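What follows is a set of structures to go through.
Both complexes shown next keep chain A, but they swap its partner, so chain B is in the first and chain C is in the second.
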Partner chain A sequence: MKTATTGALSNGRYWIAHNSGVLTAVVLFVAMFTLYISNHSAGLTPAVATTAANKAVLLALVAMAQTLPVLTRGLDLSVGMVFVMANCIASVIVVGTVGEGMLGIVAVLLIGALAGFINGAIVVWGRLQPIITTLATGAVYYGISLFVRPGPGGDVQSDIADLLTGQLFNTVPAALVVLLVVVLVVWIPYRRSVLGRAAYAVGSNEQAAYMSGVPVQKAKLLAYTLAGVLASVAGLMLTFNTYSGEASAPIAGTYTLNSIAAVVIGGTSLFGGWGSAIGSIFGAFVLRTIEDLLFVFDLPPLWQPLFQGVVLLLAVSLGAFRILRVRNRLELFS
Partner chain B sequence: MFSLGVFSLAWMSALLDRKPYLELKQISKRYGGVAALTGVDFSVYPGEIQAVLGENGAGKSTLIKIASGVTDPTEGEVLIEGRPVRFRNPTEAMRAGVVCVFQELSLLPEMTVADNLSIVDPPKWLGMINAQGQRERARALLKRVGCEDVHPLELVRDLPLSRRQMVEIAKALGRNPRILILDEATSALTADDVERVYGIIRDLKKSGVGILYVSHRMREIEALADTATVFRNGRKIETFTKGERSVDAIIEMMIGREVTHQYPPKPEPSADRPVALAAANLAWGREIQDVSFNLKKGEIVGLGGLDGQGQRELLLALFGVLKGVTGTVAIDGKPIKLDGPRKAMHAPLPMALIPEDRKTEGLMLPMSVRDNMTLAALPRLAGRFGVDAEKENAAVQVMVDRLRVKTPDLLAPVSALSGGNQQKVVLAKWLMTAPGIILLNDPTRGIDVGTKQEIYRLMRELANQGAAILFYSTDYAELIGCCDRVLVVYDGKIRRELAGEALNERNLLQSALNIDASERAA
Partner chain C sequence: MTGVDTGAVRGPTLAMRLGIDRSVAIAFGCILLILAGGAMYSREFLSPDYLLQQLQVGAFLGIIASGAMMVILLGHIDLSIPWVVTLGAMMATAMVGWGGSWGPWICIPFGVFCGAVIGILNGLGVAYLRLPSMIFTLGMNAVVQGLMVLHTGGFAPLDQATPAMHFIAVQRSLFGIPNAVFVWAIVGIFVIYVLKRTAFGRTVYAVGNRESAAYLSGVNTNRVLIGCFAFSGAMAAFAGVLLAGYSNKAYQNMGDAYLLPAIAAVVLGGTNILGGRGNYLGTIAGVILITLLQSILSVMQMPEAGRQVIYGCVIIGMLLIYGRGAKARS
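Right, the complex of A and B next:
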């Protein structure tokens, strides 16, 4: 029997097939954002774009953080708490001169990395389930936030803050540039590193990955550690937006849950091994744009959770088409 | 003449001098109380093709796992070029040159072929994976195994099984093995591909690679192997060179064991039993090909053959688990559509399937013995106001007594029971539904001898009460002892039916290996 193959397809066609989830999220976002802008009284001005970007980049970064453990078939329920913890700590140490502020930023990133590493270490060496591990560590990280900042406040280095939340050349929102830099400096090299590849392998089939000699443990450790770093970048950006820190439990919880939603909308499989942080960014943008749309159409903000829920359901049901192809009914439950 | 003599002398002395690349010394492996390997000495030389033969459970897989660093031996040592080594994981074995093509594929389905081929040591540029270089490497390796039709960017999950197996072989070649282990590596290949794999193996041999070849196909072994080693019950029986032993003698070596079980007496065969289940022309992919047979009331029919020839799929198909099965099934003379377990349970003769893996498909481990037993039969025990607790307890107690389930309490979690007793709970669950057709998927695997015998007795008792039983087992002795007839399956087809005197170990093994009588005579 000669097997039918698709060898004639060009590399580009494969690229589209492999990134269909991301592309769907991009199309969805562009459509929604165009609708938003065309109904906005001011249109697409730098100010409108910057306001939208400053809000959206926070969730985009947290969603990127969530993507990494999810790719290894894990979950990180502590991303929102690391985000808030970074915000609280930054509001205390990113102060003074620009130089002192930069040192503070580095310290916050290191603390985020440590928080993520602790998650990874417990998952890898403690062999606990990621979901319960990060639920517990998340509570710890939130507790630390409360110690650091019992009440809202702080006096953040405003030069850095203004630079990173303003506009570049009076047009491009600086927050988007930050996001782009994170993608170029963290995500792309990670995606193309051996350990990044290993993360996908582990999520795809951990046993086969082990049998193939893939560094399973290192891959998981790095995924959780980088998740901590990305969540703390988001925490820093929140600090620069508000010039202060606040140990807010609702913010921590909402960001954690919305990060999972963004990951799914962006085409990443919660079963691991498939997806991309780029998709999660656009998943986050989609979620944020829902809020803006409700605003320009003068709908009460009370509707927002309902609409977010509907969009999430639509996105998830795209993935349910696989049921039509199943040959062995048992596969539906595995 | 002279020069030829010198040549062969040099060749002889090279043979005598040569040292094994891989050597196992007095290797034993025990899993719990069960010995999988006992005191095995084994070696593989550079440039030889060695076949490993043995029945299901003879210890071949364990041997391979130890050689390739998947598992540690309980006793004994592994040597590479005479130096003792201890592989902690497959990576270390690969670094030492021992590369295995596993039977259960080690490819990552959600990744591209190129990614899979360079999963450990991808070509890099500035510390990052060089996608271009990786694609080229993939193209070269795919060309080497004759799979130019596979695009490097295709996802492995989209490839047909035969191509996946070739990719798996390409992946192993990419690691520059000194010892290549092929574990049933040709089972899913097309005839063209098998020839190509033979070619690759012979080339590797010429370049000094030692090949360890596990296969159930005698013909392949005759075509390829220089030497062969037979295993039985975890012991090495003999290593011999090609041509030293006849196929008959080899089969003798593979069987040669005493019968240890007591089986309940079989009734006289009778022709006038009504047919309980009639299957005609069943087909499902490669796994089931044009299968037709009858199952009569009061009869135990065995499914024989090597592991993984489609027996499990056949049972799943009859129980309605597989989608897209073609052919017809009639139960008690009435045609029925295979549409899921619930439909099968409510067929004219209720069906029951005892699954192969009781832990994942049979039991709810944290739930109690009682809840597990009544799960499938709850509607029968329900009154107007839900499940009647008294009726339920009474029914469960009857089963516990009948099957002699050893449990501290009806409400104890099933996870607290021993393997044999867990299996009894699974059986009890399905007996509660009063099935007329019972499908058994290797029900005695991994349980103790005492419980096995109780299960054999129970099967015969049920058959005598009129149930029709289809019984898949990987243990030939069990098939012979329990069954009225055995259908031997090879490559998705029923190759032979054995009954009465013809139902013996020699015939079973020969049909399982798909060697027919004419071929042996030749």
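Right, the complex of A and C next:
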């Protein structure tokens, strides 16, 4: 296991080295967001911040979901589909009074957990590769989304939706509070739990973790299940933003792929065992701010996809700096 | 059908020489099962006409899967397939105009060449920058998308496919067998030859099994990586050229429907997604399986929702039969 929480703060240099990936993403985001705000005609008003937050929190939650399987050296290509499925189901059952809406939210979260658990069960007990498993279950979840909502539409409980996508005390974007609550209620306890640390161990070296008595299977099951829960939280937030549901394969695909990019930009290793969901949040913020920057700088619309692609490629290429650090060429073949 | 059965009965040597292992046999068995199921629904499913048409549609997927398989054998993955397919189609059709009198002659090689260039860039990133292929090819896909949006100006391109493209992709010249099937056969024979009969093919398996071991044995692993990614890009673009001939034009997002089926076909054919194991016969079986499955479900007028669910369940179910990994014991 490459991480140690105790005594990390007492050794500042160690802490910085350990979190360099997250810090890079944070610095990148702050720099880009400052550039964005300073060029925005309205400046940093609560309305501008809320719009930015509502968009960014969706990808941040999906990226957090992606982080958990990646830490165990897995991958979840179905996060986007679970996200869309939660969106479609929420647009059907999160309706009525506030109480009924809350029940609906709980149901959607349970469905997300079940979807993630199925992924985990096939990976753990079926012993199939995560990539191909989640590719196939993603198709199933997309089919269910289409079944629930053949065409775009639906509705959502508007009181809850307005509360969660508006502003708290007219200043703080509520979506950011939701994200903070998710971090405090899901990520921090998970990171400190036995199974959370086991996930890092499994990602570092599954064989060694198994020999050391680490609960490998439980750790993987929990990682995929929580990924399903987080993806469905994102799906709920999407529903609250759009007041409708849509079974869209392009949206699902974009979120899946961007979530992987956000995870990498946030300093998490795709080879497992290294990184954190906090980094992924800022990775997602960076990706979102790129789009906003293109908007304020008035780039010709035709150039935007190319610019976005080049920035994405450069951002993920930052990982290439590790080849300067290796002492032995054989370390490269991981 | 008989080839599979007798191969298994006569003993392991012949079966092994033909590359028929358990997964390939099961995959071909599933094809027969699907056909039998379809035949119970309608006799039409067994008519040569229907089967030939499926082979023609499957040929495009087969050509893409050939490239994807080479990359998967290395233990890598090429996620840039969707827009490289579109790149091949758009560059080939655009070359007709750019090339003047030469245009119709060089448009097909030019489309394939553009795909190969992207593939080489993918290979360079994976080999020399040592970035995970999953994320680097994903970024490359976004870059190619940006280039194509810039090229078309955001509108549907007006370029038309040439008669030659149409001829290769659609027409049937010999015994009523579609030309596209012959093209797939040539690609397939080339892949089998490279994998089984050349030193390069052996190094592909070696790198897929353990790159450090291959490197220490004197294999130039970077060259192998770049070669396979270049082939994958070229094949994706070639399929794009053929698809342009099939639909007579190039359009945005034409490659989106091919990434996941290509990977699924390769894996259903018994190729290990972690690399180092797999043979081309399995990929053929996987491609036919996926094509038939999609076709029969749509003929049965299964709604898209049910189709997706069945599609996913079949992949999981088949892999649970023969694609399981080893237990986590040392």
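By definition in this document, the second predicted complex is superposed on the first by the 307 of 334 C-alpha atoms of A that agree within 3 Å, B and C clash if a C-alpha of one lies under 4 Å from a C-alpha of the other, contacts with A are read in each partner's own complex, and residues count from 1 in each chain.
Following the convention adopted for this analysis, a contact is a pair of C-beta atoms (placed from the backbone, for glycine too) under 8 Å apart; a residue touches a chain by one contact, two chains touch by 3 or more.
The structure presented is a predicted model; accordingly, all values stated were derived computationally and were not measured.
Student: Now for A:Val264: first (chain B), second (chain C), both, or neither, which partner does it touch?
Tutor: It touches chain C, and chain B stays clear.
Student: Among the partners chain B and chain C, which is in contact with a greater number of residues of chain A?
Tutor: Of chain B and chain C, more residues of chain A lie in contact with C.
Student: Taking the superposition on A as described, I'd like to know which of chain B and chain C A:Met211 touches: first, second, both or neither.
Tutor: both
Student: Which partner does A:Val185 contact after superposing on A: first (chain B), second (chain C), both, neither?
Tutor: Neither chain B nor chain C is touched by A:Val185.
Student: May I ask you to decide whether A:Pro305 touches chain B, chain C, both, or neither, giving the answer as first, second, both or neither?
Tutor: In the superposed model, A:Pro305 contacts chain C only, not chain B.
Student: Looking at the overlay, does A:Gly273 come into contact with chain B only (first), chain C only (second), both, or neither?
Tutor: first
Student: By the touch definition at the top of the document, which applies to A:Ile144: first (chain B), second (chain C), both, or neither?
Tutor: A:Ile144 sits against chain C, while chain B stays out of touch.
Student: For A:Val194, using the defined touch cut-off, is the partner it touches chain B, chain C, both, or neither? Pick first, second, both or neither.
Tutor: In the superposition, A:Val194 contacts chain B only.
Student: Residue by residue on chain A, keep only those touching chain B in one complex and chain C in the other, then list them.
Tutor: 210-211, 329-330
Student: Using the touch rule from the top, collect the residues of chain A that touch chain C in their complex.
Tutor: 75, 122, 126-129, 131-133, 135-140, 142-147, 150, 206-207, 210-211, 216, 250, 253, 257, 260-261, 264, 270-271, 301-310, 312-313, 315-317, 319-320, 322-323, 329-330, 332-333
Student: Which residues of chain C touch chain A once you look at their complex with the stated criterion?
Tutor: Against chain A, chain C makes touches at 77, 79, 125, 129-132, 134-136, 138-147, 149-150, 153-154, 210-212, 215-216, 221, 256, 260, 263-264, 267, 273-274, 303-313, 315-316, 319-320, 323-330.
Student: In the complex of these two chains, what residues of chain A are touching chain B?
Tutor: 1, 3, 5-7, 9, 11, 14-15, 18, 189, 192-194, 197, 200-201, 203-205, 208-214, 269, 273-274, 326-330
Student: Tell me, which parts of chain B touch chain A in their complex?
Tutor: So the residues of chain B in touch with chain A come to 70, 89-91, 94, 102, 105-112, 115, 119-120, 122, 124, 127-129, 131, 135, 148-151, 153-155, 158, 160, 162-163, 171, 190, 284-285, 316, 320-324, 340, 361.
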